[in-house]
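Everything below concerns the one structure shown next.
Naming follows writing order (A, B, C, D, E and F), and every chain is counted from residue 1.
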């Protein structure tokens, strides 16, 4: 399935923090770090673990610019 | 001002597409490309031009994961 | 690729409205209608046309509730 | 009050998961399921319970497309 | 209908900018200004005009903090 | 750093609710109240406390309108 989401950043899961409802996933992308917040259900469903190769998916309307 | 936004990706503006209300800004981040959609007003207010050094700002709740 | 996005609604593209930067895609899902706004680039990249079978992808943090 | 939000999906609350700050609400919409993440405060304020008839509200800019 | 959206800011429409697909609505809230981007369809559907009393609706997960 | 985010509402932190992954920050803005959900990490990183002067940052594409 191709997705309309314009931002697909490949990286490796460095760390994971799990709460009752939400989970925080830290992904190393090149020399920068991406933080994603998803539901704990999604974390379990995709069986995301430290060391996994993943893609950070970000809709372009969610990206602001600083200058 | 420090911001709570967890994702701050430094890069260079590669291209800009402008509409009546919205604008699309393409930012080279390492060897990957980030696409941001902001208002035309914001583009003009920050005077964003190709070649500018900028930061792509993304709230962690807007980042999904693919595996 | 599996995605952490919790909402994946299958449907058929009923109509498309295209602007300079953004595009609006109307998707029939069961007896209800979903409206998606994506970039024109994404519309062209996925070659989305009326009649296509697609999936509306929505992060759970973007869904509010009315009662 | 009418709202600019284009996506208003009627359904029934099937399940609820509550954390300290956030809550996850599962809504049956036709033969599909919508997952919403709202604050626990909102859950309590609207007194949302399993079996309630609700509307899932989704801004069109939050809807991506897969094909 | 009550909504789970935690931020409901009452104000008056000061200005409107309309594109092919999107529209920008400027709302005076107290002594500050809120900018909303909605679809042109939504603008027409709600018949939003300068001078209208409206409510700016913002999900709490969309609000970042600067300090 | 200037940001493309169009909504920057100045206010004072009135209350904070902390979970394992997320945190809820209540900000008094004029005579209205803004609720922000950020990660606990961000809360700690910015050392946000009740009484702090802060800015609520909201992308215009995240603002819907009710009328």
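Note that contacts are C-beta pairs under 8 Å (C-beta built on N, C-alpha and C of every residue); 3 or more make two chains touch, one makes a residue touch a chain.
The shown structure was predicted, so the numbers you read here are calculated from the model rather than taken from an experiment.
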- Task: Quickly list, by label, the chains bordering both chain B and chain F.
- Result: A, E
- Note on the structure: Cα centroid separation, chain B vs chain D, in Å, comes to 29
- Note on the structure: Whole-angstrom distance, CA centroid of chain B to CA centroid of chain E, is 22
- What are the residue numbers in chain C that touch two or more other chains? 1-6, 19-20, 22, 24, 35-39, 41-42, 46, 48, 55, 57, 59-62, 64-67
- Task: Would you mind giving me the full set of chain pairs in touch?
- Result: A-B, A-C, A-D, A-F, B-C, B-E, B-F, C-D, C-E, D-E, D-F, E-F
- Which of the residues in chain A end up touching chain B in this complex? 5-10, 24-25, 27, 29-32, 34-38, 42, 46-48, 52-67
- Task: Would you tell me which residues of chain D are touching chain A in their complex?
- Result: 17-20, 22-24, 35, 37, 61-62, 64-67
- In the complex formed with chain B, which residues of chain F make contact? 1-6, 36-39, 41-43, 45-46, 48, 55, 57, 60-61
- The residues of chain C that touch chain B in their complex are 1-5, 19-22, 39, 41, 59, 61
